[in-house]
Each structure stands twice: as C-alpha cells, then as structure tokens.
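Below is a structure I'd like to ask you about.
Each chain carries a letter (A, B, C, D and E) given by its place in the written order, and its residues are counted from 1.
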Amino acid sequence: MSTTQNETQPQATTASAQGRQMVGFSFYRLDPAWRRLPDDAKRKQAEELCGVVNAYAKRLMVLTYSLVGLKPDVDFLIWCVGKSMDELQEMSAAVRQTQMAGYLSMPYAYLSMTKRSTYVDKLDPEHQDQRRFIRPAHSKYLFVYPFVKTRDWYLLPMEQRQGMMDEHIRIGSKYPSVRLHTTYSFGLDDQEFVVAFETDKAEDFLDLVMELRESKGSKYTLRDTPIFTCVAKPMPEIVREFGTPA
Amino acid sequence: MSTTQNETQPQATTASAQGRQMVGFSFYRLDPAWRRLPDDAKRKQAEELCGVVNAYAKRLMVLTYSLVGLKPDVDFLIWCVGKSMDELQEMSAAVRQTQMAGYLSMPYAYLSMTKRSTYVDKLDPEHQDQRRFIRPAHSKYLFVYPFVKTRDWYLLPMEQRQGMMDEHIRIGSKYPSVRLHTTYSFGLDDQEFVVAFETDKAEDFLDLVMELRESKGSKYTLRDTPIFTCVAKPMPEIVREFGTPA
Amino acid sequence: MSTTQNETQPQATTASAQGRQMVGFSFYRLDPAWRRLPDDAKRKQAEELCGVVNAYAKRLMVLTYSLVGLKPDVDFLIWCVGKSMDELQEMSAAVRQTQMAGYLSMPYAYLSMTKRSTYVDKLDPEHQDQRRFIRPAHSKYLFVYPFVKTRDWYLLPMEQRQGMMDEHIRIGSKYPSVRLHTTYSFGLDDQEFVVAFETDKAEDFLDLVMELRESKGSKYTLRDTPIFTCVAKPMPEIVREFGTPA
Amino acid sequence: MSTTQNETQPQATTASAQGRQMVGFSFYRLDPAWRRLPDDAKRKQAEELCGVVNAYAKRLMVLTYSLVGLKPDVDFLIWCVGKSMDELQEMSAAVRQTQMAGYLSMPYAYLSMTKRSTYVDKLDPEHQDQRRFIRPAHSKYLFVYPFVKTRDWYLLPMEQRQGMMDEHIRIGSKYPSVRLHTTYSFGLDDQEFVVAFETDKAEDFLDLVMELRESKGSKYTLRDTPIFTCVAKPMPEIVREFGTPA
Amino acid sequence: MSTTQNETQPQATTASAQGRQMVGFSFYRLDPAWRRLPDDAKRKQAEELCGVVNAYAKRLMVLTYSLVGLKPDVDFLIWCVGKSMDELQEMSAAVRQTQMAGYLSMPYAYLSMTKRSTYVDKLDPEHQDQRRFIRPAHSKYLFVYPFVKTRDWYLLPMEQRQGMMDEHIRIGSKYPSVRLHTTYSFGLDDQEFVVAFETDKAEDFLDLVMELRESKGSKYTLRDTPIFTCVAKPMPEIVREFGTPA
C-alpha cells in the first residue's frame, strides 16, 4: 500500500504468495425467454454448454450444481478452483462464447482464495495446512454463503477469539457428515470469507447451524446471507431441469 | 463441519435425519408481455400449466394461491411439501418445461424443513411432534413470511426464552381460527424460519399480529418481511386472474 | 395461532370480524415500450382501460390518481376499497384482462384493512369509530406511505403512548385542510399501517409533517417511506398524461 | 390531519400557502436499445425532444444537465420550477408524448417545495426570504442530493440547532463560488430536503463538503445520498452525448 | 454555500483549485442479447469499440480491465483520468456513439478528484503531493472500492486520527508490491473516497486487507463495498472474453 516498491522495507512473507488456489463461485441465471426457442435450438445449445463445461473439468476443478426451484433468479452454480485468476477467467470466457450465453446472466458471483487459517484446530491440527487446497467430498449438497464478521471481532484479543473458535470447532465435530471449505475474500470481493459446506444430509447442516446460533462467537457475525442450497448434478441433468426438452 | 468424517466422534442424533419434510414456497411472476400473446396461445399455455400442477398434486402436497393485485411483482404461489429436495426440484423442473415458463420468473422463493420444536407448548403438548409433518387446514387465506430472530435471543437462558414463548402461545390461543406452520431454514436459506399461517378470517390474523407486538418476545425479531397475503384458489382460477381470457 | 380450532378457548371478539373494509393501493407502471405502439392502438387500449376502471367504480370505492413525473417508475394509482379481498382481486384481475396489461406492471402495492383505533381522539371522539369506514374527501392531493413503528413503542405503557398520540392529534388539528385515513396492515403486508392524507393544499401537508418532526412520538418511527404524492384525476386524463395521443 | 375541516379551529398560517414554488428534479435514462435505431430516426426523435423542452423553458424555469458517464443509469436531468404541481406534470406529460419516450425511463425523481427557512442566516439575513424563490446562478455544475436528518436533531433545543447552523453557514461563506438552493420535501417525497449546489468550480464544492464533515451538525445527517454531479448543457448538446449521431 | 458571491469574504485557498485531476471509474455491462448477433456484426462492433478506446488513450490516461466472471453484471472497467469533467464526458459520449452502445449499460460508476492528503505520511513525506497526480504502476491487478468513514471519525481530534493513519501506513509499507491511489469524492458522488490498489500479487493485497482489519482505524469504516477485482488487459482481449468470436 506504499506508493513505491521499496526493496529495503520488510517484505511480507513470500510463503503466502505460493501454493494458494483461486476459487470462483459463479451463479448463472437463464433468461426465461430462452425457453421460447424451438426445441431443436434448445437441445443444441444445451449440448454445446455441457461440452464446454466438460472440457474445462478436465483441466480445472469444476463442480456443477442445480439451484432450480431453490433460489430466486438462479438456475445453476459452477464452482471452479484453479491455480490463477487467468484460469478462472478463461473458463468464464469460454462459457460466454457459447450460443446459450445470449440468454445467460450471472446475478451472483463470489471470488476468493485459499489460505492457511489464522486459528488452531485442536481437534484436527492438520486442518489449517489443508485449507490451502480445496479437496471436495463430492457430496450431494453444497451450502454456500458469503460471510462478514463485525469489526469488533477483529479488535478482540487473539486468545479470546481462539476460545470462541474452539467452541465453534467442537460443535462442528458433532456433525461429521459435514465438510467445511473456508476461503478468503478480503479485498477481492464484498465479503471477508466464502464458506462452502458439503454434506449428504441436509438436515445435519440445518441442525449444526441452529446449534451454532447459541455459541459465543455467533454475535460477531455481521452478514451471512445470501445462503445458497445447491444440489450436485452433472450438467446434462441441470440443463434438463432448467428447461431443455428430453 | 470437520473436514474428515471421523467415525469415532460423537454422532449428531440420527433421529433428526428421519421423518422430516422438505418445504418449498415458490412465488411466480408472469412477464406482462405474455398477455400480448394471441388468446388461443394463452388458453393453451394456461391449460398446460394447470395440467402439470395437477399431476404433481397427486404425488406431493401441492397447494396453490393467488396473489394477483395483492403484492408487487408476484402472481401466484405454489406451496409444495415433499419427502426430499429431489421431489421439490422435480416439480420445479416440470413447471420450467411448460410453454408458459418462457414468461415465468420466480422473484421470491423460500426453502425450509420440518423439525420438532425446541420449545414446549404447554397448551398443546403434542404440537412439537406435529411440527414434523405439515397438515394444512385448507383455509381460504395463507400468510407467509421469512423470519429471523436477533442474535441476542439465542444468547438468552433457555428458561427466559421458554417464558416468552409461553406468552406467545397464550396470545395465539385466543385466535383459534388461525393455524400456524413453522418450518426451519437455518443454513438452507437467508431466513431462520418460514412461518405460514392459515385462517378463514384475515381480520383475526391482523388482530393477532397486532396483539403480539406488545409481547416481550417481540423485540427479539430482527426481520419478518416480506409478508405475503395469499388466497387459496385452484390453478384454473388463478390463470384467469393473471390474464387468461375466458 | 394454535394448531387446533379449540372451541372452548376464549374467542377473540367477533365484533372485530365485522364491518371492516379491505383497502388496496395499487401503483401501476407503464412499460415505456407501450409508447412505441401506433397511435390508434394506444387510443384503443387506453379507452378499454378507462372502461374497466369505470365499471368497477360503480361497484366499489375506486379513486384514481396520476403520479406522472412525480415518482420514479410509477404512473398511476388505483385506490380501491371493498368489503372483501375477493372484491379487490376481482378488479385487479379485470385490469390484467385488458390489452394494456401487456405493458403494465405494479412496482408498489399496499394492502390493508380498516379497524377501530386503539387510541382515544379527545378532540374528535367519534373518530375511532369512523376509522372502520373510509370516507374520502375527494381532495386534489393524496399523500400515501407505509408506516412502521419501532418495537420500543409497543413496549411503552399505554398511558405514555396515549400522551404522545394526544400531542400528535393536537398538532394535526392545526391543519384542518388535511384529512387522515389510517388503515392497518399487521400481518397482511410489510408495513404496520398505510396512511393516506387528503388535502387541497399540498403546502399544508408539508408544514404539518415538518411540525410533527419535533413531537415526542416522532422518534418511534422506524420507517415512513416511500412517500407517494398523488394528484386526483379521472382515468381519461391520466392516460393522456402517461402518453396516449389526443 | 383531523378528519373534519373544523372552521373554528386555529388555522395554520395561510401566508405559508402563498408564494411557494413547486420544484421537480427529473433524472431520465435512455434505454440503450434506442441507440440501435437508424440514424435518421435518432436525429428526428432527438430534435422532437429538444423542441418540447425548449417550449416549456419559455413558460417555466427549466434547466437541463448532462450526467452522461458520471452516474450509473442516468443520462440527463431536467430541473423544473413552477407555480404548481400541475405545471410540473404538464411538462412531464409532454415529454411522455414524444417518440423518444418509448425509450425513456425516470430512475430517480425528487419533488420539493420552496419555503422560508426555520433558521436565521446571520451573515445574510435576507437569505431566508429568498428561499421562497429559486434564482439559479446558471453555473456550470449542479450537485444535487436528497437529505434526511436524524430524528434526534429535531428533538434538540432550537438554540442548539441554530448554533450548529451558524457554524455551517460560516464554513459555507468561505466558498463564495458555491450557491445553495434548499427545498423542502417533508411528506411529499422520501427525503426531508432536496439540496442543490451551483458552482463553476467543482473542487470548491468538494473542499466545502469535506470541511463540513468536521462540523458539529455533521453527525445529525441520516442520509445524503445518492449525490448527482450534473453538468449544465443545452438539450441539443445532451442528446449528442447520449448517442444522437452528428 | 452562500447564496451571494461575496467578493470580500475570505476566499477558500485557490491553490486547491489548480492542478487537480478528474477521475472516472466506469464499469460497463454488455447485455447478453448482444451475443445473439451474427458473428460478423459482433466482430465489427468490437473493433469499433476498441478503436474509440484506443483513440482516447492517446489523449487521456485510459486503462482497461476485464471483470469477466469475477463480478456479477460487470464485464469491463474503463479507468479514465483527465484534466476536467469535460474530458471524461467526451470519452463517455464517444463510447455511446458506437454500435455496441446499443447493448452497453453502466451499472456502476465512481467519480472522484485528486487532492493533497490531509494526513502526513512519515514513511514517504512526498506522498501527499504525489496524490494530486495519478501515476499508474501498470500492474496486473487493480482492486477498486468506494469508501466512506463514519461521522465519528471526523469528530476525533486530528492528532488521534493521524496516529491511526500512521499505523495504517506502517502496515501498508510491509506490502511493497501494492501501490495505493486515493481519490476524493466528497459531494461529487455517494462515497467519500474511491480507493484503487495496483499490484501484481493478488495474495499480497488480500493479506494486507486482512491485517488492516486489526488496526485501530478499522472500526471507523462505514462502507467499503462493492469491491471490484479487475485484471488489466488491452481492449481487444477484453472483447474476446465477453463474447466476440475469434
């Protein structure tokens, strides 16, 4: 943030510059007008989109989810993890080159990066290091939301914050079906974190979130919406759900 | 919320995973441009939509309501209760396969799950268990809103919260024409609860809500809007109201 | 709000269920694209809309107002008072059956009910009872806004609230050109009240609102926007203002 | 605000009812689709719009400003001052009768009235009376924003408020290139005031606003956005800027 | 802010009126419908847009960035710095004269001015003066957001504010890859500042923002969103990313 690149000033640890992943959550909406196209055109466009997603899934981590009927104005999510911003943009550009892109908008998108955690996970000390790499569980459900803590949180002594994180982790450990992916958005996007939970049991996640409401850390949440319930499905199934004829 | 599915950690009660229902409130809006179509096309498309809703009403709990003239940018509600998220998405996908879907958007949608209540209903001790299954009264009016409590509520001692719930239930019992359906959205959607009230007497519900304003629990409400007034009607009547010619 | 219609529990006063009126404020917007139609089509469609409004004005209380140039994205208001929700929806459905409805949306709408006031009007003791029936003054201007009080208001002792209402009424009485219609929306819509002021002197209303800012009750206002300035005009004049050629 | 026009109650000063002006700030947006029209059509429509504005500029105070490139979704402002609401609506209706109106929307509009100030301007005692009549300086820049004070402000003793206004006026007097027009919107529109500043030196206005941040009255501001930077230009220049070919 | 241009009153320093630059951040969105045009039309329109941007880049400071896939509803940013508002508007008008402008909207735009800093940068005392002129580093990434401080900040004693700025600057100096451009919007736009950070290492900026959360000044931030991650690219590359065929 200085205006000169002063070589003699203390450098931020360069370790932080390496081994991180870029993460993009792109929520797409199909213009209802697309459904007025002839059936043949719809089938052809849907096939082209599936092909593009498939091609990128061979090079990047690309997971697809249906939100049809679950969230206003959103039809599907492409969750994409790459080594660089360039890789994410390359895939987004490829989607925009398809015919269906004439009817696609992206009402929500969240950008984040992996990073070692600031807090210690006493139940699973390897956890922090794992945070630098997204390893999806390929569960049926993904719950995603942007997350912002109050400024008061950051002014608490580290010990007090660690204590609240301990309670948080302890409650989480009661729900082993739920896997958490925390990624960081400070300065990159409106939120501080994007959190994504995978599970095969939606009711477990509901119970976990409800139980966490009574934890001490809960009152330091400034914003944790919108919350997206996403159902893992291959693209050919998703395009049928949003209106491609059989 | 741990990153590993540790089999030896204490499991969340699996009872919670069973016997719950998935609940979807899908508020649809018809693009005004649809009304410019030829009368024949409008009639045919309306009939197709009615047929799809009717088919699913045989498999799931499907209730339909008109909001024509009552709420900006909303024409009708499909209230759908099923055993799984898949069932809800299947019906949503079927709606999107109709011709009219080229003109339908879904400006509001709320997703929730049934669950035993945390509080005791001293006037009706069976009530909590009943909460796991939606049993509609098929009343004329349905009032729906997403509901979020303040974080302070969740940090109060359970005894104090139960006391305020007792007062709440006692006031509610003065309006026997009103039946409440509470469903849970923690982690699934932006709100904590979706509450839906059925009654044949809209004025009773208005008086009840006004009386509750003076109860102690009232100040722990963070958000209880938007509020939707919905009038139960069969689909063929609804499509006439939003513009299908006779 | 109980789940059973317990006949032996104390009933809410059934008096409240009678003699109330349903009130709808429907703010319509014309899509600018309508103005690109041929002059003949515009004239014909405008005439049809005027006819529908006119027909309902014989059965219900229907008052029309122009907002052309006064409020973003709103062209006109239909203020409708009937005996039931059905009557309001019937008229809304009739508007949606017109040709112009292909270009009409309803960006704002407020739903409310009449009800006896909770407070005593010492200057005009008959006032409360009159509240159950809307009697318009047919003034030139109508000022409408949704109104929500803070939750703190409802937790004040009744005596203290009545004191602040007394001051409010006393200030109001200094502006006899202004007639107030208070209607109730608790549970029916996002606001608690819809207030509508009629006057022939817009400057009187401005001065009244400004004077009320210094009253004690003023700080218990949570929300009193959007505020709509509406000018009473017959439909044929309104359609000319929003773009029908002479 | 009484329900009866009681002739014997004390009348509000009728002086206030006279000599006031109605003020409208209408911010127009051109649909980008307009730019796809043939060049001839664009030229013809632009000419028609200029003619209408020009005709009304002979009868009312009509000033035009370009916001092209300066504010999202706004292309130009028509600042109009008349003797009555009717005059404002008449001009708005005339704009809506043009061909270009098929592509014009009005995403922002502010309605207000002139009125004598409640506070004394010790540096310029004539100022309050001048407030009843808008006398534009015809400067190059106009800065407009809606303004709402906190309710706490209105509950302060008048003496304390006057003290803060004195400081405000004293700071303002250091920037003689800036002329302020304060108009009143209480009850007419969402804001309490619309403030409009004219100057030929945009940097003076920036410095003034920045200096005022440190004044005591500053913390009683509830809302002072959106802020519009407007550049005075004749309509023929404005239509070229938003896309009419030469 | 006086209503008369009193020549004898103390003048604001005229130094401030000179040597400042006008700064515009224009975020453009392409209507998805553009992508439905024939390939030839898309190529021709893209070329025309590139030509216009290129022509202005010879006269003004014009930097272009892609946001494809990174932010909802935004495709690219034109960051433009000129001597006057006229220069910014001239370029905006030229963009609006292109064929592609029929499909371009500008959902976000921020207007600001350069100005000497009020605070002393002890690590780099020349910094303040440099603030009057934007000197881009031409880094790969640009992070932009509008910034508003709480009113409480401005009522703190200058010494206390300088102390917090010292800490801020000291933390910033640990990240020499990041260059900050602070510009001023008081009175010109909704925010107080527009801040733009250039760096080749996105992770450094993330770490810097995260570290600043724990600084004392952090709690005086009222708003620092939306945050835009922008990737520096020449226009011909940007148009390919948002959908121009090769």
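Note that a residue touches a chain if its C-beta (ideal position, glycine included) is under 8 Å from a C-beta of that chain, and two chains touch if they have at least 3 such contacts.
These numbers were taken from a predicted model, which means no experiment stands behind them.
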Which neighbours does subunit A have in common with subunit E? none
Using CA atom averages as chain centres, what separation in Å is found between subunit A and subunit D? 44
Cα centroid separation between subunit A and subunit B, in whole Å? 27
What are the residues of subunit D that contact at least two other chains? none
Between the chains shown, work out who touches whom and classify the graph as line, ring, star, complete or other. ring
Inside the complex, what are the residues of subunit E that reach subunit A? 32-36, 66, 68-73, 123-124, 127, 130, 141, 143, 168-169, 171-180, 197, 201-210, 213-214, 216, 218-219, 221, 225-227, 229, 231, 240-243, 245
Can you tell me which positions in subunit A touch subunit E when the two form their complex? 1-7, 9-12, 16-17, 20, 22, 24, 26, 31, 85-86, 88-89, 91-93, 95-97, 99, 101-109, 111, 113, 115, 151-152, 154-155, 184-190, 192
